[in-house]
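Here come two complexes built around chain A, the first alongside chain B, the second alongside chain C.
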Partner chain A sequence: MSLETHIAPVATSRYGSNAGQPLTRRDGLLKVTGRATYAADNHPEGMLFAVMAVSRIARGRVRSMNIEAARAHPGVVEVLTPANRPPLFHDPNERIPPFGFRVEVLQDDSVRYVNQPIALVIAETLEAATEGAALLDPQYDTEPARVGLETGVRFDPSGVGIGGTPKTAHGDVEAGLSKAPIAIDVEVETPPQYHNAMEPHAVVAEWDGDRVVLDMPNQALAISCASYAAFFGIPVENVTIRSPFLGGGFGSKAILNGPQILAILAARMLNRPVKLALTRAQMYGPVSHRGQTWQKLRMGMERDGALIALHHHSLSATSAFEDFLEPAANASLPLYASPAILVEHEGIRLDTGTPGPMRAPGEASGSAALEVAIDEAAEACGMDPLAFRLKNYAETEPATGKPFSSKALRTCYEEGAARFGWSRRPRSAGQMRDENGLLVGWGMGTAVFGCPHFPAEARATLRADGTALVETGAADMGQGAWTALAQIAAEALGLEPDQVEFHSGLSTLPDAGVAGGSGHTASAGLALNQAGGDAIAQLSDLAVNDPQSPLFGAGNIGVTARGGRLYRRDDESRSESYAQILARAGRSHVAGTAKSNRDPAIASGHALYSHGAVFAEVKIDPDLGQIRTTRLIGAFAAGRIINPRLVQSQYFGGMIWGISFALHEEAVTDKRTGRIMNADLAEYHVPVNADVPPLEAILVPEDDAIVNPIGVKGVGEIGITGTVGAIANAVWHATGKRVRKFPIRIEDVMSSR
Partner chain B sequence: MPFSISLTVNGQPNSIALDDPRVTLLDLLRERLHLTGTKKGCDRGQCGACTVILDGRRINACLTLAATLDGSTVTTIEGLAEGTELHPVQAAFIACDGLQCGYCTPGQIMSAVGLLSEGHAGNDPERVRELMSGNICRCGAYQGITQAVLEAGQILSQNNTAQSRENGRNAA
Partner chain C sequence: MNRFDFIRPANIAEAVTAAAVPGSVYLAAGTNLLDLMKIGVTRPERVIDISRLPGLDRIEWLSDGSVRIGALMRNADLAYDTRFAATYPAIAEALLSGASAQLRNAATVGGNLLQRTRCAYFQDTASACNRREPGSGCDALHGENRLHAVLGWSEQCIATHPSDFCVPLAALGAVIEIEGVGGRRDIPIESLHSLPDASRALESTLAPGDFITGLRLPPEAASFAGNARYVKLRERTSYAFAVVSAAAMLDMDGDTIRASRLAIGAVAAKPWRAHEAEAVLVGQKAGREIFEKAATAALADARPSGDNAFKITLAHRILVRALMLAYEGTPKVMPALPASPFPEQHLSAPKADLHVA
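For the complex of A and B:
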């Protein structure tokens, strides 16, 4: 898909052309005029509307539904239930690797969690489908909901996260703890959280024989096509997904879910296009969430503050029928040096929808607990929290001894602390008040996030007029792929970004891998970089072998590509434009391609992480307990920065998610029924504008020639890590109260005067 | 029972045949008039993504039944730019990076346009933050949104000042 713009671009700030420049978003114009097309904005001819009916119990079975009443409602075309649901070609109780989960697609009448789909009503209008679903009046055989620590079923997991290791041991933690002169023991609880992307999950499905076109927000186009092909028994090339814009994803739109499969199935069954958009309430179940954790940390220190043992245990919740465990304890592996580290996970099954990756899965909840524990350890040692972190600074990856590909964390600490004024912080709690009598606290946390890399492909075509067409099936869920990836391609091709036509967000384009793990810019960017390099190499071959070219014979010396021209490397007076080279060669274009991946030797020999330091100020009303984050400063080092404007926005977004984790977000479950009592955006609190103070993100320069050939690390998730702990530690510093259950609430700090 | 309403949408008078009293303004715009710039985020008046300007006031289109709007005037995000000229708020959202995924953006912009035209915000970032708090942005683009509203407010007030000077000259 391309960005069709019919309005002249606004005069926006331009600081230069190539990668590294803070260009404004290429898709900004479409987004501010309402012309960016999200999945549910599509209306193919003859389209029907589907509305889900979902379970109101957490466990049991649907005994009956009033299907006749729904069918009789004017406009209702079909009611899909387990009784008439057409067959699927893949068993929904079996996973599809690498990311597929078991899904609920009306395979039987059982209910495994609240908000599970139990029927799909399809009608000529949205209003009729909505009313039809309401008329179903399901009756249930209800079993007790297992939704708490007391009733959940515990188990030893074989894996955590996606393919993660549940237990890692390095050194002897028990020996270290037993001889430690100073030790702490901390328990931290994190709640279930729901992604709540602003765009509810939606699909518009249109079949043509055994081919299907799906308009849907999707973070992993190629993998999803393969999975849909398996479910519908058709060749993968018969599935086309169009996903030019995602209205937020945060991990919830990377993995197939039941509702979207059902809508596609209905479209095939009825031989008409079908649109399904989940209601906000229906997003609290079948489309993933961040699972609850109960974490325990034990740390032993020498008197000088040196860690000698670190034990991090996470009890992580998953559903009754599928395994995704928040790999929270693994957050203790990459950060603080200790001769003994043990991280381990235990699972607990609850009657909820299956959790999944949600922005910094594991890292966010693990960091929240770890950074609070580190603060307590510093206090126990009588040390400043920053001094304590520097004392335990890891020069190599603690549990493996691998060297870091790059690690500018010291600079992050220095610059963040200087900007914040950390050196003026009193050591003990409850020392500061502002002019209005509010309690003031300062806290900090370390941010860290790994650098996964996905295989990716791209195509770069230099055209006769000297411009380029660049193609890769990337996903822009707000991080800025339309802009940053085009910048990388333009740089590789020696062109200005506006000379590059960039096509993306479509599954028929080369596979750009997954927009996840903060690895999309690096992964798809490397493919674009190499495809561009391939195109330039082919162009260069044409020129240096052509006696009529000023570049003739420069094959050994080489050429450089810049401003739409190739220059002889040792003599810049000799150059030729791309258009001239192609014209004389009688070529309409040259097409470069690339299939890129990370060199496995890099990953096995190095520890690859982005780092950062976050400093927070909170003010708390001593009478009312109202907590406000009043300053938040992060300093982050994440390799090469392609677009500082968009990267800053990613850091801000992550930090705001950190505020949200620390002070706002929590799905509250009724223990009697298993129902989520705040499944809406009024009572499931996420920060609004007034909750967010002026933010600062310092972009610490970092060169990394190892992590990947373009030196890019990830920026999308790191901002949450560190921030949660920084705010919690600031709350302690203001009040002297250690709140170890997130989110921190008014009642936790009342009577702090 | 079918009935019709007359509704001016983005300056265009329409006679709209409605066959269903349950249709909200939001669903009318999106599903029947195919003006999909206005977004549905919650359908409960909680997120602000569907904010439009109805008879000069900011409203949540999801909480408004279309059947009640006979004779009304609605401005949506599609009606904001004049020809190829962006509204100053739209331009400021791009310049200040007041958006990420873009899904809440039409609602944010319509709220901003509304509150600026009502003269509530002034130059005060705290006021802007408070007044823009009916529009949730899950990506967390709030810093850019606040900055964009302030910058657009300055441009609009300069334009207004220039306009009133112009009017003054003409009157003289």
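For the complex of A and C:
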């Protein structure tokens, strides 16, 4: 899809290249004027409205529903239940790797969690469908809900996260701990959290024979098309997904879910377009969440603070029927040097919806626990927390010994600490008060996030007028893909961004891979870079082989592309515009393509991570226990920065999420019923503007010639890591209290006097 | 959605007649009612839209020194009325500490008085709730109840009244004006909201058809303007209901307390007027010591209704804090974050200088 808006040209001379400029978002004007069309804004002719009826129990079966009453309600067209649900061509109790989890699509009358779909009511109006769903009045055979440590069923997992290793051992941790003169033992609990993207999961499905067009927010277009094709028994090319804009995804829109499949099925069954949009409350169940963890860390140190053993154990919750375990303990693998490291996971089955990847899955919750434990280890050694981290700075990846492709973490520490004024920090807790008597605390945490790379494809077409059309099926969740990817393409093509027409967000375009793992810019960007390079190479071939071109014969010397012209590499006075080359060759265009991936040898031979350091100040009212984050400074190094404005925004977003994790977010579950008692944005707290202090994100320069050919690492998730621990450590520094459970609450820190 | 009759009466008398039919509700701004209708907590048969009735959206300054506020006055309009805010600063501060700017621009005075509890079990139709469905039980009692009542609760109901606005109103002894089937009557705000007893959890003393047309603040309410604060403890800085809150107003004669008005919020099914604490303060020299005694008196009967004993401690401390701040004097300008316990300067970049204790 393309953005139908005028993009004002931006002066670029200051940077000398298209990448590196702080361009504003190309889609900004559409969004702030309300013209950006999100999935649920589509209303094809004859569209019906679907509303899900969901279970209000956590385990058992639906004994009966008043289907007659729902059907009799004026406007109701159909009520989909396990009794009449048309067949699917893929068993929903089987996975579709890598991201296709088991889903609940009315395959039987069992209930496995609260808010599971138990029927879909389709009607001529939203109101009729809503009332029809309410009239179903389901009756249940209820079994006790398993929602906590006491009732959950534990198991040894075969994997964690998506394809992650549940246990990694390096050296002898027990031996290290037994001989360590200083040791700590820390337990940290993290709550279930829900993505709560501003835009709910929605779909408008329209069939034409055995072809279907889906308007839906989606982070993984090609993978999703393949999965829907499997469910509906049609060729993959018969599925088209349009996802120009996403109102946030955070991982929850990369995974197929039951409700969307049911709406597509209903559209086929009724032969009319069907729209489904979940309510906010319905997002607490079938569309994944960050699973709860109970983590234990043990560390042994020499007297000088050198780690000699690090053990990180995470008990990670998943659903009763599917495995997605928050890979929290793996957060201890890449960061601190220790001759012995053991990370391991145990699973616990609860009657909840299946968890899934939520912005920094594993890294966020694991970092929260690790950074608190590191702070305690520093305290136990009588060391400043930064000095302790530097003492245990990993020059190579701790568990593997692999060299880092680049690691500017030392600079992050230095710049962040200097900006924050860390050197003035008293070592022990409870030492600082401000002029109003508020307790003041300073804490820090290290941020780290890996650099995955996904296969991606792109097409770059240089047109007769010298402009370009660039195409790849990327996903802009608000992070700025429309803008950053266009910048990469423009640079590869030697054009200004406003000379590049960028089509994206559509599954019929070349596969841009997944907007996930903080790898979208690198993955889709590399494909765009190579497609642009291919187009320029073809153009160059035309010119250097054309005796009439000033570039004739420059084949061995080469040309460079800049400002819409090719220049002879050794003689800048000899150049020709793209339009001239194409015109003389009688060509309407040249089309470059690329199928890109990272050479697997890069990842097998190197440790690939973005790094950062976050410093937090909190102030706490000692009587009332109210906590405010008053300063938050992060310094991050993430390879080449395509658009510093967007990158800063990503860091800010991550750091704010860290405030949320540390002080606000928690889904509160009733232990008796398994129902989430705060499934709305009034009571499921995320920070408001007033909770966010002036933020600073320092972009530490880092060149990485190894991580991938364009040198781009990821910035989407790293901001959460480090921040949670920094705030928790600042709370300790203010109060002397180590809080063992997130979020940190008023009653945890109010004085006991 | 379920069908209901929608009636737009021409005047108050028509409204009262229409609403006297069982199953009727009044609709003003709808900031609470419409949410509850959407989630099925309320399924009225008749919605009586009073939002366009004339003459109910104004402040009247009466000759005896009292003031009358129309029921359809918007929360924001009232809070930003210069004379009102100067005369009753704690009320303005309470209003501006509630909800969000958008909600305050819509919500009305009458609706705020009658807003429903935020108890999650009241809002969850699959849970037992004696307020929503008398006789069904109270699932909050042994449920997630860390923010529930610590005063005036019974096994029937442990919910709290969520209003900020009502807390200083209760302290100042506001009088509620009601048009009912039997004509016009006044009741003190303390008689408006009901506490649960051993057998029931009624929300208010209003009868079917009763229409709150406005409220009056008695003449003496204006005598606390110089030393009046509302303080609200929240789990985030804005757009959150109170964990506990307090309104404290002092009428000072030098350092001696001539009279005081005190109420605590979010601790009971009604805004909790602290008469015992007021009595402790009368004629005393102001200061932390006597404020502590007053808070102890206010909470003498408090007991946890669940996992919420910490709220008793917090209620004590918020009352002392509100008294200390009131004693310091009403701020010359409304704080940028009204009712926040945090001092002003923490709203922007803080001063760098810190001293080691």
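A few remarks follow.
Methods note: the second predicted complex is superposed on the first by the 739 of 753 C-alpha atoms of A that agree within 3 Å, B and C clash if a C-alpha of one lies under 4 Å from a C-alpha of the other, contacts with A are read in each partner's own complex, and residues count from 1 in each chain.
Rule of thumb we're sticking to: a residue touches a chain if its C-beta (ideal position, glycine included) is under 8 Å from a C-beta of that chain, and two chains touch if they have at least 3 such contacts.
Since we're looking at a predicted model, the values are computed, not measured.
In the overlay built on the shared chain, the residue A:Met432 is in contact with chain C alone; chain B does not reach it.
When the shared chain is aligned, chain B comes close enough to touch A:Phe245, but chain C does not. In the superposition on chain A, contact of A:Ala585 is made with neither chain B nor chain C.
Contacts of A:Pro694 after superposition: both chain B and chain C are touched. In the superposed pair of complexes, A:His664 makes contact with chain C only, with no contact to chain B. Contacts of A:Pro200 after superposition: chain B is touched, whereas chain C is not reached. After overlaying the two complexes on the shared chain, residue contacts for A:Ser649 are found with chain B alone; chain C is out of touch.
Of the two partner chains, chain C is the only one that A:Gly625 touches; chain B does not reach it.
In the superposed model, A:Glu131 makes contact with both chain B and chain C.
The wider contact with chain A, measured as residues touched, comes from B rather than the other of chain B and chain C. The interface of chain A with chain B overlaps its interface with chain C at residues 127, 130-131, 682, 687-691, 694. Contact residues on chain A toward chain B in their complex (touch as defined above): 7-8, 10, 12-13, 24-25, 27-38, 40-41, 43, 49, 125-128, 130-131, 196-200, 245-250, 277, 279-280, 477-480, 645-646, 648-649, 652-657, 680-682, 686-692, 694-695.
Remark: chain B residues 20, 22-23, 27, 30-31, 34-44, 46-47, 49, 76-78, 80-81, 84, 86, 90-91, 93-95, 97, 99-106, 109, 125, 128-130, 132-146 touch chain A in the complex.
Residue ranges on chain C touching chain A, taken from their complex, read 1-2, 39-40, 118, 120-121, 124, 126-127, 139, 142-144, 146, 233-240, 243, 310, 313-314, 317-318, 320-321, 337, 341-343, 345-357. Considering their complex, residues 56, 127, 130-131, 134, 281, 421, 424, 426, 430-436, 438, 440, 617, 619, 621, 623-626, 628, 630-631, 663-664, 668-673, 675, 677-678, 682-683, 685, 687-691, 693-694, 745-747, 750 of chain A touch chain C.
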